[in-house]
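Here chain A shows up in two complexes: once beside chain B, once beside chain C.
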Partner chain A sequence: MNMTIAWITARGLLGRRRSWLLLPMPLILIGITAIGLGFDAPAVDLADGVLIGLGVAVILPLVSLIVGTGVLGSEIDDGTVVHILTKPIPRSRIILAKLAVAATVSAVTTAVPMFVAAAMVGGVKLGLGFALACAAGAVVYSALFLALSVLTRRPVLLGLLYVVIWEGLLSNVVMGTRTVSVQHYVIEFASELSGSTLFTATVSLGVAAAMAVVLTVAGTWLATQRLRSFSVAGETS
Partner chain B sequence: MEPRKPRTKGSPVSDLDLRGVSRWYGNVVAVNDVTMTLGPGVTGLLGPNGAGKTTLLHMMAGFLAPSRGQVLIDGDATWRNPAIYRKLGLVNEREAVYGFLSGQEFVRASAKLHGLPDADAATRRAIDLVEMTDAQDRRMDTYSKGMRQRMRVAAALVHDPAVLLLDEPFNGMDPRQRMHMMDLLHRLGAQGRTVLFSSHILEEVEQVSGTVQVIVAGRLAASGDFRTIRRLMTHRPHVFAIRSSDDRRLAVALMASDAVAGVTLDKDGLTVHAGDYGTFTRALPRIALDEGVRVRQLIPSDESLESVFSYLVSA
Partner chain C sequence: MSEHSVIHDIGYQRYTGPRLGRAYAARSLFEHGVRVAFGLGRSAKAKIFPWIVIGLVTSLAVIVVAVKAQSGEMILTYQDLPSTASVLVMVFLAVVAPELVSRDLRNQTLPLYFSRPIRRSDYALAKLAALTTAVWLLMAGPQLLMFLGSAFSAADTAGVAAEARGMLGGWVIATCYALVFSSLAILIASIASRRAFAAGAIVVVFMITSPVVGLLAVLGKGGALSQIAPMFSPFSLPEGVRSWLFDTSIPIGPYGPLYGLMTVLLVAGCTLLLLLRYRKVSL
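So, the complex of A and B:
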């Protein structure tokens, strides 16, 4: 990893207007949990509807999508990526720096409010379980969305299709698709780490852990390979 | 070719070689079988818009794979080879910079990314070279286009590269900034660096470089000393469209002039082929006055750069 690239990436990411979209999401999660508790909603319903239905299924992938596609995709769009690419740095180190920033920002932005919301629902252990699971999920999502931003010109659209169609629709209907659903890995991690009976996981720990590693490594490797052959379109192209 | 500059103490020397380089996009050929060797000194890459200059520069800079042929710096391919950036600096046409960084932070980041042992000293030296010391602490999104360009040059020079490539470096600069950039390129060339800059403006190339590579429609149309090429351009036939109070009378008089190679008369007026631009434009008022003809319109009809370059291709 290259610290200078990480520093530029973090400053660019946090200074961008699109990043402001991240701010309300944690507050919404905590706010809705508080409202639910205020109305004496059962913990089982809050765990399933708010922590998983909103936190894991919506906020975690959306935050990761905004951040993951922004750390490198925006530099490719505006051409500033050339400043980094004209340096004698292995492309793998560039991708690792971008991934580290994306994963850290996404993990912090989602894990902290998830900890607060889950702790409100079922205590500190549930809070820690969801926070750590979301942090792990942020790493996998970041690797996938970072790869998309280098591989395609429509990373946000494709990322949304994955989150909404694949994870939101198909993985709840077609059992086999859960094997390639980060959302279901996160639910399994949260279940194992918290030991909670408020919700049930749908994939085994072995599958979730192995697939999380496979997707992270594959995304990172693909992004690196693509960056090695990065072409700049000219006026005559 | 300009004679090879002697190596200045401490300055690196590198050659940039293009061997039968072509690049096509589907059926469109952007660069067609270009072979050239660039050595120390300043070389202008001249050609009309869309001629393939940027495509060629991108291949030289390792940002585009040649469809055929090789681009080499000191024998090493530039494509998929990040190590060449130790020898190469690039200032591309897109003026994108990290607007949230100050100029100093931007150049210093470049120095650190190059792994320079004393990044601060290299940063100071590069910013001083482009005379941006006073503005170095301002955010780059507050800079004028010319200031951004100079900071980009500083970032490209911070590691003291032997080869510097600049794509249309004078675009958007005011005359003072332009003079400064020209002076800087002169100095870099005199230090023994291989400097290549692209331009579609003849006068820019004339003022900066003695050696020129002319690209037209993706092909290397002319190569060598600028004065020779300029002479070819000046002495090419020129075409003028003229309307006057008596086209027929003027046509007869013009045919008798040495400055005129041919005259066509039709209902829209005269089309005159002149051997030399200056001689003809000086002779025309005198001829018209002698004949008592009033010239109402005089339009050079082939003054576009494209026509100049097309002439070069056939010359």
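So, the complex of A and C:
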């Protein structure tokens, strides 16, 4: 962890105009929940359709994808990553600083609106459950997408394939893929933390917790290893 | 310095042949756009993502043909294919649309295009047409494959004719999907100069609308709200048009023409905004 790198990364991420485009997503989540409640929608529909269907399945992975691939990916695209790589800083510290910033930003942008929306649906306990689960999910996703941004030249597209095809399409058809799907860990965490009966989890807590830790550590380790032998090239193909 | 300075004739000549002009340039741009969409004439790296999606959509058609050959049952009709493949088509858009427009913005190659005899609107329309064609081919190709598979296992000419009619109906729906999806996607991509960010933005806009529409449809309890709600997501708008034209999809009640109108308005609105975007583009 290097505070200077973390600070520069945070400024690069939030100081641009386009980062404000992340804002509508949390607002839509809260707005839709409010509309649903206004129409007296049953809490079960709201929990399944909005909190999980929109919040956990769409907003959390997409915010984490844009932020997680942006912290290091944009520097690699610009070529400014050279400035960091030529400094005598251990690669692990660079990765940890980037991961900390990405995870914090994604966690705050998703957990806060999820807390508000879930609290509106089922009380503060449900809100806290979803907020903490989303924060945990943001850490795992950030580690994965950060690793992708060092491993490949097209991290966003690979991340999209994972989110849309693996988590979105396959895990609804082939049950086995759920054990490697961050989305289902988040649902399990939320269900365990809130004790709510509005929705059911699909993987066991042990599997979810263990896999979340394994994926986070593996992503961070892979990114560090890859950054050690990183070769800088311009935008190709 | 020599005594006698002379100008040598080293063979520079004026071009006196035919000048191909604006239509030719626009057509070339369109053709190039379609080739870029499939990564033709580019490195193997540029082919990976489009062909992953094409492979997945084609495998859908192959499964349908195989099941039909074995059991005679059509598990997916021609018109079902676009909606089943719609998420894959969205991934294709996220791959191709930024490739078509964002690179030109990022590398600042637009001045080179606009110094040729094409107008700004030609550029925008050629890119839109290229994306629409590519997306249509992505769906129509597998539909043709389904037709060929079914036609060879059909009993008589009447069976083949019925299959052909089915395929043409499927192509109409595919056209509708292609128009709605690509006009929206190219507009989003033309705002972002970074490919990665354009891809993310396209997926965000497409995916955030489906759960919203799903909730509204549940809230309407089969009433007017449930019949109108699907209009507000690019995934379900073409399905509404399909219900209007063929009555084979989601329940939309008497609002069929409204779906048709909404589709026309969406495509026209996105195209207009795209033209305005390139009128104001900074070079």
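The criterion applied here is as follows: the second predicted complex is superposed on the first by the 230 of 237 C-alpha atoms of A that agree within 3 Å, B and C clash if a C-alpha of one lies under 4 Å from a C-alpha of the other, contacts with A are read in each partner's own complex, and residues count from 1 in each chain.
As a working rule, a contact is a pair of C-beta atoms (placed from the backbone, for glycine too) under 8 Å apart; a residue touches a chain by one contact, two chains touch by 3 or more.
If you're wondering where the values come from, they're calculated on a predicted model, not measured in any experiment.
J.: Quick one: is A:85 in contact with chain B, with chain C, with both, or with neither? Answer first, second, both or neither.
T.: Touch status of A:85: first partner only.
J.: Any idea whether chain B or chain C touches more of chain A?
T.: Per-residue touch count on chain A favours C.
J.: Tell me the contact category for A:164 with respect to chain B and chain C: first, second, both or neither.
T.: Only chain C; A:164 stays clear of chain B.
J.: Return the residues of chain A at which the contacts from chain B and from chain C coincide.
T.: 236-237
J.: Which residues of chain A touch chain B in their complex?
T.: Residue list for chain A touching chain B: 2, 4-5, 7-8, 11-12, 15, 78-80, 82-91, 228-232, 234-237.
J.: Over in the complex, which chain B residues touch chain A? Could you list them?
T.: Against chain A, the touching part of chain B is residues 25, 30, 49-55, 57-58, 61, 63-65, 80, 82-86, 88-90, 92-94, 96-98, 100-101, 106, 109-110, 112-115, 155-156, 218.
J.: Provide the residue numbers of chain C that touch chain A in the complex, in ascending order.
T.: 42-43, 45-46, 49, 52, 56, 87-88, 90-91, 94-95, 192, 194-197, 199-201, 203-204, 207-208, 211-212, 214-215, 218-219
J.: Which positions of chain A touch chain C when the two form their complex?
T.: Interface residues on the chain A side: 18, 21, 25, 28, 32, 36, 39, 41, 45-46, 49-50, 53-54, 57-59, 62, 65-66, 69-70, 73-74, 77, 153-157, 160-161, 164-165, 168-169, 236-237.
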